[in-house]
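Please find the structures below.
The same subunit A turns up in both complexes below, where it pairs with subunit B and then with subunit C.
Our next item is the complex of A and B:
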């Protein structure tokens, strides 16, 4: 029977692999090829060129850099805050820890647009925060600097990605056993030492996947900057979307999309390498 | 570790995560058309106004139709794949899982646009079917990951005994394996349905002229402040939360 095992598993996998190939791999490859083509009189013509990428680097390097730095900011905040929160879920025992975890799970659902919309009603000039502060007598006139800028975009995207990031971090923290921690403490290790030598090395994968997920999501987002960002906070996602709207230049949009993905990938590789080095150094006595 | 400090930090973060959702809930029932404090009175009128809005019922139907189709299709495909991975050689399953999980790593905007170009490049029509296909591909990895993790702790002894007693592969699956993992499969289906209902970006690029609740909400959001939006947002939130909470209870591991 052993000989039948592999073919059967392939058979079970084939609908999934097939759907993935036809509707994920092929569209993405097609989309990638598109980035080397050109548009002439509103028609995509087959004339391979790298000029789209040259133009991306020439014309869009500023929004590209600001998008990636915003994405790194959000990913860093989310990873650090997510780690603290996940630690609370893991290390505060009993019903409290369970409640914290439940909040993270619940806020995982509840709608991307709905959340962005909620932030708009909170931060707006006549929003809940301003009217509430005026009602309390803390401010006289509404603060207009809350909405339509990078701050609002960062806040809303942090809020959206945080529950997504908490899960992998919590998953890796849950795998850490209590015994080595208790042993280290009995031998006189400080909290900082336990964190550095036991907890962080074991949840590095969880932290990295939380960071990677957030970075990729934020760097490709077009909706938060449109709804909450100002005219100055031009994220690359908005430009990508425009190429498929009124600019009608799909190859350019594709080149923009793959450039920002490549930028995120480079950041992730550098952080991955740096992180391993750091852990190796930290592991030395 | 300093538990009190950790507890205080988690309390602040937890409040930050849940407060915007509570704001949505309260203002969907606020009688004043202005979204400001203090709350004046409570009312259901925004829901009634929303129900009368042109296109609302169509969007609701589309949302439910897409969510149900995506839930069923991706759960079937994903569960089969998870079984394939669990009986295949462990050496390959890691690679397969990472290949199959790739759609989760691509930003939704890129996926949506890639799909749009692919469909228009092939000369295929956009619409509900395109949205369903796109969502199945992006959401089936979630089913695979959930079911694979359940099967990794699965006790195959019961399955082996059924086989030893002469049950066919199919009978074993129907009578033994499936009842054991049914909560997990149902939970995975509900999670996918919740994520499908919530999806805006991929739907926006693939649905053509149709609307779902999130794209309807988007249309209203671009026109300005309107309390019907709170009602619409709350319906999306309520649906996804309900599905999510049931799913969480079902998929909770027995350990």
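Our next item is the complex of A and C:
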């Protein structure tokens, strides 16, 4: 009788599964448990409670809602623009498509903070944009509405996450064969019909990945709102950071973080279900 | 081997630095034989201790505090000369000292840098060792007010060593604001709408505005109603007057430099950090009073490297380390003998001509921390922190 043998795929997957378990699942479980504990005299005490979550909903619902709506806005912009760019790389760029993709990736160089400070330099009262507009005689005095508000935060986060979103979309577009598109065109299908019936259904996974990645990054960000946001641009990431640092209240910080995760998960499920339904409706003859 | 090095040094082929680093000079291309000879000499010197001494330090001190306060102690190669290595972890808030000390830091951490607002509370919690001043002869270097500072002591024992200080002042762009502001509440004036700067430093905003709104010189002993008024005023400034809430004073300096703001509660160094091309930045001490911070060195209870930590505590009050910190960070020195070693800029920022008079006007010390326990008529630290969160959310 042959001995028990693990399937080969399990063996191949075990390093990544192990890394995920150690570096993702274990810390996540730790912080989830922590979110039900309390801090007394600067020490975590084992006295399970749901009061942290009650406090999150009572006191932080406004920044939570504004954070998630801002994250949805950025994710939507990035997914649409990313799709247009990736489509251009795939269908118009031809053999140069890879180069256009590389150009988008190059913008990742320099890091996140450098990009945020660059935007401050561009959008400030004495920034490049205002100075240029004044020099051209288009405005008389600087536009103050460019910086220290949600517009600046959305702009900077869109700029940063766009290359990251282009990758999964481009990957899924590359998997689409040219033959069905050519056949549809030969049969008289318009570009819109080809997009709706062939391209979008086949790159839905890439679009969803791009949207999800952007949404999760933005909903947890604490740096852009601090550097570019105004006095009312308090995103939830800022409060999470404050709870872990300033308030030394890791349980409350964890509760805030898990509420954001839950909120993001609900949005993604709704988007996933809605997207599937839309594609099904669109695919009907 | 030191003879070998001496030969190289006399030949002009090598130089040594005070930190113990040896550097070899090269004159154009060396032959392979020359290179091997020098490499061999270098290897031997490293092996015999002539190399960088901190790499073979006898003892490593665990430092948890503000960035750059640790490196300031290494004035004139102090670490290498004393076989000391410092393993630093940097804090972002005073509360982190309490959290870290109470969650495994006691017995592992050595030196910390508490603010004197929080220092007495930390001493009461039993986080610090009382200091043996016989092992800190440089204590006598301190300006008299810092030697006598009541908040640095508990039950007659010294727990904190004042290391650096500064003030929260009302800074303004003198090119735009022609008449010096005299009150914190001047920030509410219509002409400053959209031009006010704020920072995310709780005590640096709440204490001065408590003095102004509640009209008290005991800003940490106030009622709930008074605290509500303070936060209402701060919220009004935030919503109607402020341009943004800067995440740091460096950021505030950038906002002054770019003209985004013209008035803000700030530290004196902001005027330097704004740069040479910035507008003329001046400041006033408002009539209601101001808040001064004093950062200290303190020894954590059961510090594992106490003897070496004492060497560093003493070094922290040396003129060289003090000047090093002030020239680097633009903070004020606590040691009079450091004054001649200061660069012109950091020297010009503070009232060194009458340090005793300056602190006497402030009651010779710091306000106590807000009460930690509930029970009295006054708001607690938790009330103030909760109010601060609400202010940020507003």
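The rule we apply is simple: the second predicted complex is superposed on the first by the 254 of 285 C-alpha atoms of A that agree within 3 Å, B and C clash if a C-alpha of one lies under 4 Å from a C-alpha of the other, contacts with A are read in each partner's own complex, and residues count from 1 in each chain.
Just so we're on the same page, contacts are C-beta pairs under 8 Å (C-beta built on N, C-alpha and C of every residue); 3 or more make two chains touch, one makes a residue touch a chain.
Because the structure is a prediction, the values reported are computed rather than measured.
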Original post:
Which partner does A:212 contact after superposing on A: first (subunit B), second (subunit C), both, neither?
Top reply: first
Original post:
Which partner does A:126 contact after superposing on A: first (subunit B), second (subunit C), both, neither?
Top reply: both
Original post:
Of the two partner chains, subunit B (first) and subunit C (second), which one does A:200 touch, if any: first, second, both, or neither?
Top reply: neither
Subject >> More subunit A residues in contact - subunit B or subunit C >> reply: B
**OP:** Could you tell me if A:234 is touching subunit B, subunit C, both of them or neither one (first, second, both, neither)?
**Re:** second
Original post:
What is the contact status of A:242 with respect to subunit B (first) and subunit C (second): first, second, both, or neither?
Top reply: second
**OP:** Determine, under the contact definition given at the top, whether A:279 touches first (subunit B), second (subunit C), both, or neither.
**Re:** neither
Original post:
Is A:107 contacted by the first partner subunit B, the second partner subunit C, both or neither?
Top reply: first
**OP:** For A:164, decide between first (touching subunit B), second (touching subunit C), both and neither.
**Re:** neither
**OP:** Could you look at A:184 and tell me whether it touches subunit B, subunit C, both or neither (first, second, both, neither)?
**Re:** neither
**OP:** For subunit A, give the residues common to its interface with subunit B and its interface with subunit C.
**Re:** 120, 124, 126-127, 227
Subject >> Partner subunit C, residues of subunit A touching it in the complex >> reply: 41-44, 59-60, 62-63, 120, 124-127, 144, 147-148, 226-227, 229-232, 234, 238-239, 242, 245-248
Subject >> Footprint of subunit A on subunit C - complex, ascending >> reply: 92-93, 95-96, 98-99, 102-103, 194, 198, 200, 202, 238-239, 242-245, 247, 251, 254, 258-260, 385, 389-390, 392-393
Original post:
Within the complex, which stretch of subunit A touches subunit B?
Top reply: 5-6, 8-13, 15-17, 19-20, 23-24, 26-28, 30-31, 34, 81, 84-85, 87-89, 91-92, 96, 100, 103-115, 117-122, 124, 126-128, 131-132, 135, 159, 162-163, 191, 194-195, 212-213, 216-217, 219-223, 227, 237, 240-241, 244, 250, 253-254, 257, 261
Original post:
Once bound in the complex, which stretches of subunit B touch subunit A?
Top reply: 1-3, 6-7, 9-10, 13-14, 16-18, 20-21, 23-24, 27, 34-38, 76-78, 80-81, 83-85, 87-89, 96, 99-100, 102-111, 113-118, 121, 133-134, 136-138, 140, 144, 194-195, 198-201, 205, 214, 217-218, 221, 225, 229-230, 233-234, 236-237, 240-241, 243-245, 248
